[in-house]
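Common to both upcoming complexes is chain A, partnered first by chain B, then by chain C.
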Partner chain A sequence: MDIIVSQLMTGLSIASILMLVALGLAIIYGVTGVINLAHGEFVMLGAYVAWALQTEFGMGLLASLVPIFLIMALVGWLVEVLVISRLYDRLLDTILATWGIGVMAQQAVRLVVGGELRYVQMPESLSKSVTILGATDSAYRLFILFVALALFGLTWVIYRYTNFGLKLRAITQNRAIASSFGINTARIYRLTFAYGAGMAGLAGALVSPLKSVSPEMGTTYVVDAFMVVVLGGTQSLMGTLASSGILGELSGYLAFYSNDTIAKALVLVAIVALIRFRPQGLFTARART
Partner chain B sequence: MSGKTKTEIAIYAVVCLAILLVPLFLDDAFLLNKYARYLVLGMLAIALSLSWGYAGILNLGQATTFGLGSYCMAMALKLKTIPVHTGSDGLPDFMVWNNVAELPWFWKPFYSMSFGVAAGILIPVLFAALLGWFMFRGRVTGVYAAITTLAAMVVVQLLIIDQQAYTGGFNGITDLAQFDVAGFAFDAYGPAIYYLVAICLTASLFVALAITKSKAGLIVQAIRDEEDRVRFFGYDVALYKIFIFSVSGAIAGLAGMLYTIVMEFASPTFLGVPISLSVVIWVAVGGRQSLLGAMLGALVVTGMQGALSESETFLDSWTLIMGLLFVLVVLFLPKGIAGAVETIAGRFERRRVLARRRSKRADAVGTARHLESLP
Partner chain C sequence: MNKDRRSFLKATAALGTVSLVGFPHIWNKNASLARAADGQIKVGVLFSLTGTTAIIEESLNKATIMAIEEINAAGGINGMQIVPVVEDPASDPATFAEKARKLVLSDKCVSVFGSYTSASRKAVLPVFEKQNNLYWYPTLYEGRECSKNVIYTGAVPNQQQDDFVPWLVKNFGKRWYLIGSNYIYPKEENNYCKKLLAELGAEVVAEEYVPLGHSEFSSVINKLKAEKPNVIFSTVVGDSVVALHRQYHAAGLDPATMPMASLTTSENEVAAMGGEAAAGHFTSAPYFMVWDSPENHKFVDAYKKRWGADKVTHFVSEPSYFQVHLFKQAVEKLANSDITPNAIREAVKGQEMVAPQGKVRIEPENLHTWLWPKIGQCQADGQFKILKQTTDWLEPVPYKAYPNQKCTAEGLKQI
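Take a look at the complex of A and B:
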C-alpha cells in the first residue's frame, strides 16, 4: 500500500512541476501560435532570480515569489516587444528566434554569474516530511503540488471569468475573427507572453531548492513541457492539467522500472506518433464549428 | 536557359574553382584539414538549404542523415584495421570490450568498401524517405514537421548510445583505417583529402542546383509558397516533398562519410542537437533560398567560430554574439545575406534597365527632331 502511495506521490510531484512549466508554454502557444523555445531559459532565469534575491538581499523563497513573477513577466514582455511582435506573420521563424534568445540567455547567465551550480535554500517551515497513508513525503513537494494547483486555479478563473480571459479564448479559437470584432490582439499577445514568462519564472523558483541551479537546467524542462502541450492540446487548460498528470505518473513509473535511455526514446516516439495521427492533442475543447 | 541562370552557374563555378585552388597557395597540413572540415559542413548546409529554403521543410534533425553516413563510413574503415586484441579477422576493439562473441550480421557487408560507400548514401536516403513518407503523407507541416525531425534525431542518437556493443556507444567508433581508392590512400592531413572533399562539394552543389532548376524543383518551390494550390492542381505534394527530402538526405549522408574521413572517427555527437541547430544558423545567416549562400554561410560562420574561439577574449562571449547575430538575421534578413545581396543587385539591375530605356527614348526623340529638320 505505502509503496503504491509513494509511487503515486512521486508521479504527482513530477506532474506538478511539469504543469507549472507547461502552463505558460501552453497559454503562449494557444494564444499566439508561438512555440517558445526560450521557455526553458525563462524557467532557468526564474531560478537564478530566486538565488540572487536570496543571496544578495536575504529574501526567503516564499517572500520572493511575487517579485520573481513580476521580474520574469517584464522579461517576457520585453522579449515580445523587441522580437516576437515582429514575427507573427512568420511563425516558423519564431522557433528560430526564441531558440536564439535561449542561447543568449544561457550564455549571458554563464558570463555574469558563472557556470557553476548554485543552491537555493528551502523555506525552513517546509523542510520537514509528512506522512500520508503510511508513505512519507517531503512537505516541500506537497507545497509545490499545492501551489501548482492554486496557480492552475487562478489561471482557470482568469481564463473563464474575466474579460481578458474571454478575449484569450476568442483568439485561441479564431484569431482573424476575434481581431475583426475589435479585440486588440497585439496587446493581448503582449500580456499573454508576459504572463507565460512569469509562470515559467515561478516554476523555476519553486524547483530551485529541489535541484541545483545551472545555466543548462532549462533545456530538459522545455522538452518535457512541450510534450505536455502536444499531448494536452492547446484548446483547453484542462488538457494541460490532465496531460501533465499522465506524463508525470508515466515518467515516475518508467524511471522506477526500466532502462532510462529506452524510456526516453519511447516517449519521443509516442510524441512523434501523436503529432502524426492526432495533431490537435488528446484533449480538445468542444467548440461550435 | 535564361541569362539569370547563366550568371548563377558562372558565379557558382568561380566559387568552386576558388575553393579547388586553395591548396596551391597553402602548404599547411593542419590548416588544410581544418578547411576540409569546413567544406564538409558547407555540404551539410547545402542539404538543409534544399529542404528548408526550397521546400519549406525546416529540418531540425539534418544531422541524422549526416550521422548515419558518418557511421557507415566508420564501420567500413573500422573493419579494414587489424584489431589489436584478436589479430586479423578478429572483432573491432569495442566489441571485444563489450564481450560480443561474433560480428553482428549487419556489420558483415561492411567488409566491402564499395558497400560501405553505397550504404553511406542509401541508408540516409532510406531514412529520409521513410520519415518523409510518415510525415508528409499525414500532412504534418511547418512547426510540427520541425519538431518531428528533431525528435526522430534524438531517438536515433539515443539508440546508438544505448547499443554500445554494436555502435561503440558514447565513444563512437575510433581508430579507423585510412580511406583508400585502388591503393591510393587519403591521408587526413594531406592535400588529396582536401581535393576529394572539394570535388564532392562541387558535385553536390551543381546536382542540387540542377534539381532546383528542373521541373520537379519548380514544383517543390511552388509547394513551399502555396501548398494547397499545388495540391488542387493535381500534383502529389507528398511525393515531391519526399523526393527533395531524400535528395537532401543523400547530400548530408555523403557529407557525413567525408566528415568521418577527415576527422578519423565517428561519434554520436555527429547526430546531436547542437550540430543540427548550428546548420540551421549557418543556412539562415547565409541565405536559405540560395544554395551557394547557405554554403558560404557555413564556411564563414564556422571559420569565424574557429578563429574567435581561439582568442581568449572571445572564448566566452562567442556564443552570445552568435545568438545575437542569429536573432538579428531572423528579424531583419529573413532570406539571409544572399537574399540581401540579391535584393541590392535587383535594385541596381532595375535602375540600369530604367536608365537604358530613358536613353533610348531620348534617342528616339532625337531622331524625330532630326527627321523634322529635314527639308
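Take a look at the complex of A and C:
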C-alpha cells in the first residue's frame, strides 16, 4: 500500500516541477507564437536570484518568491522590448535570437558570479519529511506541488476571468482582428512575455533547494518543458496541466520498475508516437473558424 | 650525362648528411622542443573554463597555476621560468584534442597539465602518443589504461576501494546498492567493487545508472526505501551528486543506517549541497582538505590567499598542484639542453615528494602514483572527518580488476 502511495506522490512531484517549468513556456508560445529557447536560462536566472537574495540580503526562500517573480518579469520585459518585439512573425529568427540570449545569459552568470555550483538553503519549516497514508514524502516536495497548483490556478483565473485574459484569448485566436478591435497587441505581448519569464524564475527558485544551481542547469529543464508543451497542445493551459501530470506519473513509474535512463527514452518514444497520430497534442483550444 | 647524374647523387647525399647532422630537428622530432637558450620552459595548461565541467576544472586550473607561480617565485627550474600556455577546451572532447595539438605542435610545450573527465583524456591521448609528448592527468579514474605518454597522479580503483569496501561491509553490512552515472567510469569502478564484494561474501541488491546531469532522484529514493540496503555505493558525478544528496536528505532517510559511500563526493560538491545534506556520508580519497600535515596547511593557506577565502581544495585539485612540483623535480635533474618530453618521462620515473596528502611516488612501471587512501565522513560544516588512513602508501594497480593484464613500460602485457 505505502509503495503505491509513494509512487503516486513521486509522479505528482515530478509532474509539479515539470508544470512549473512548462507553464511559462506554454503561455509565451500560446499567445505570442515565440518559441523561447532562453526559457531554461530564465529558470536558471531565477535560481541565481534566489541564491543572491539569500547570500547578499539573508532573505529566506519563501520571503524572496515575490521579489524573484518581479525581478524575472522585469528581465522578460526587457528582453521583449529590446529583442523579441522586433522579431514577431519571424519564427526562425526568434528561435535563433532566444537561443543566443540563452548562451549570453549563461556566460554572463559565469562572468559575474563564477562557474561553481551554488547552494540555496531549503526553508527550515519544510526540511522535514511527512507521512501520508503510510508513505513518507519530503515536505518540501509537497510544498512545490501546492505552489505549482496555486500558480496554475492563478494563471487560469487571469486567463478566464479578467479583462486582460479576454484580450489574451482574442489575440491568441486572431491577432489582426483583435488589433482592429482596438486591443493594444504589442502591450499584451510584452506583459505575456514578462509573466512567462516571471513564472520561469519562480520555477528555478523553487527547485533550487532540491537540485544544484549552476549556469548550465536550464538546459535540461527546457527539453522537459518542450515535451510537456508538445504533448499537451500548444495553446491550452489545461493541456499543460494534464500532460505534465501524465509525463510525471509515467516517468516516475517507468523509472521505478526499470531505471531513469530507460524511463527517459521510453517517454520520448511515447511522445513521438503520439505526435504521429495527434500532431496538435492532446488538447486544443476551441476556436471558431 | 652520367657524370652529371653522379655529381647530383653525391651532392644529394652530402646535403642529406649535412641536414641530418646540422639540422637535427629533421630526424629528431623532439630536438626542436628543447627549451634551454631562451631561459623559459613552456608548459600547457588545459582545463575547461567554460561548459559543463568548468565547475570543477576551474579549481584544477587554479591549483596548477598556483604551483607554477610558486616555482617561478622561488627562482624557477635551474634558473629557467615556467611559462604556462593556458587554453580553454570548453568541456568538449573534440576541442580538447584540437587545443592539445596546438599546445604540442605550435607552442612546443614540453608537457601539458590537464583535463578532468575520462572522455577528454581519451580525446587527447592520440595527440600525445603520436607526437611523443607528455600529459599530466590529475583525476581519479577507472584505471585500465596504459600509455607511456601520460603521467597519472590521481587514484585508480584499487587505491580508493581496497580499504573502503571491507571497512563498510564490516561496519554496515552486506546488502549493497550500487548507483552511478551512465558512462564508463562508474561501470568500471562498480566492476571492481563487485569483485571485492564477492570476495567478502556480500550481496549487490541493485546496480543502477542514471543519465549524466540527472537531477530527479525521487524514483531512486523510492527504490532505496523498498530495498533498504546497508550501503549505497555511489559513483554518481557532477551536479547529480548534489541533487542525490539533497533529495535523500529531504526524503528523511538516515545516513546512520543507510549511508552513501562515494568515490566522487569531494569538498567541492559538498559546498554546493550544504553541510546538512552531506553530513554522515562517507568518501574514500587520498586527500581531504582537513588533513593535518604541514604541507597541507601550507597548500590550503596559499590556495585561499591566492584565490579567495571561500575556496576549497579537494582530491583532484591536490594532485593538480603536486604534479607540477613533480614535474619541477624531474626537469631539475636534466641539463638545460635536453629538456624533452622523453627525457622528462625518464626522469620522473620513481620520483618522490612530500605532497599535501603525504609522500607520493611515481611508479616507474606504469607511470601511475603511489598514494595514501583515506576514509572520510562528511560533517555538517561541509568538511570531512578522517576516520582511517592506509598504514602504508598504496601501489597503483590500474589493471587489478583484470587479473591477466599488467601495465609495463613497454605497454600492456598479458601474464
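What we mean here is this: the second predicted complex is superposed on the first by the 269 of 289 C-alpha atoms of A that agree within 3 Å, B and C clash if a C-alpha of one lies under 4 Å from a C-alpha of the other, contacts with A are read in each partner's own complex, and residues count from 1 in each chain.
By our rule, a residue touches a chain if its C-beta (ideal position, glycine included) is under 8 Å from a C-beta of that chain, and two chains touch if they have at least 3 such contacts.
Everything numeric here is computed off the predicted structure, so don't read it as measured data.
Asker: After lining up the shared chain so the two structures overlap, which partner does A:T162 touch, if you call chain B first and chain C second: first, second, both or neither?
Answerer: Neither chain B nor chain C is touched by A:T162.
Asker: Looking at A:T261 after the superposition, I want to know if it touches chain B, chain C, both of them or none. Which is it: first, second, both, neither?
Answerer: In the superposition, A:T261 contacts both chain B and chain C.
Asker: With both complexes superposed on chain A, which partner does A:D93 reach: first (chain B), second (chain C), both or neither?
Answerer: Touch status of A:D93: first partner only.
Asker: Counting only touches as set out at the top, which of chain B and chain C does A:K211 meet: first, second, both, neither?
Answerer: So A:K211 only meets chain C here.
Asker: Examine A:N174 and indicate which partner it touches, taking first as chain B and second as chain C; both and neither are also allowed.
Answerer: neither
Asker: Please indicate which partner A:V269 is in contact with in the superposed arrangement: first for chain B, second for chain C, both, or neither.
Answerer: A:V269: touches chain B, not chain C.
Asker: Going by the contact rule set out at the top, does A:R110 touch chain B (first), chain C (second), both, or neither?
Answerer: both
Asker: Quick one: classify A:M122 as touching chain B (first), chain C (second), both or neither.
Answerer: It touches chain C, and chain B stays clear.
Asker: State which residues of chain A lie in both footprints, the one left by chain B and the one left by chain C.
Answerer: 107, 110, 259, 261, 264
Asker: In their complex, what parts of chain A are in touch with chain B?
Answerer: My answer: residues 35, 83, 86-87, 90-93, 95-97, 99-104, 106-108, 110-111, 226, 230, 259, 261-262, 264-265, 268-269, 271-272, 275-277, 279.
Asker: Which positions of chain C touch chain A when the two form their complex?
Answerer: Listed in rising order, the residues are 49-52, 54-55, 58-59, 182, 208-211, 213-216, 218-223, 225-226, 239, 242-243, 246-247, 249-252, 268-269, 271-274, 276.
Asker: Show which residues of chain A lie in contact with chain C when the two form their complex.
Answerer: Contacts found on chain A: 3, 6-7, 10, 13-14, 17, 107, 110, 114-119, 121-122, 127-129, 136-141, 209-214, 216-217, 220, 251-252, 255-256, 259-261, 263-264.
Asker: List the residues on chain B that touch chain A in their complex, please.
Answerer: 58, 134-135, 138, 140, 142-144, 146-148, 151-152, 154-155, 158-159, 161-162, 277, 280, 284, 316-317, 319-320, 322-324, 326-327, 330-331, 334
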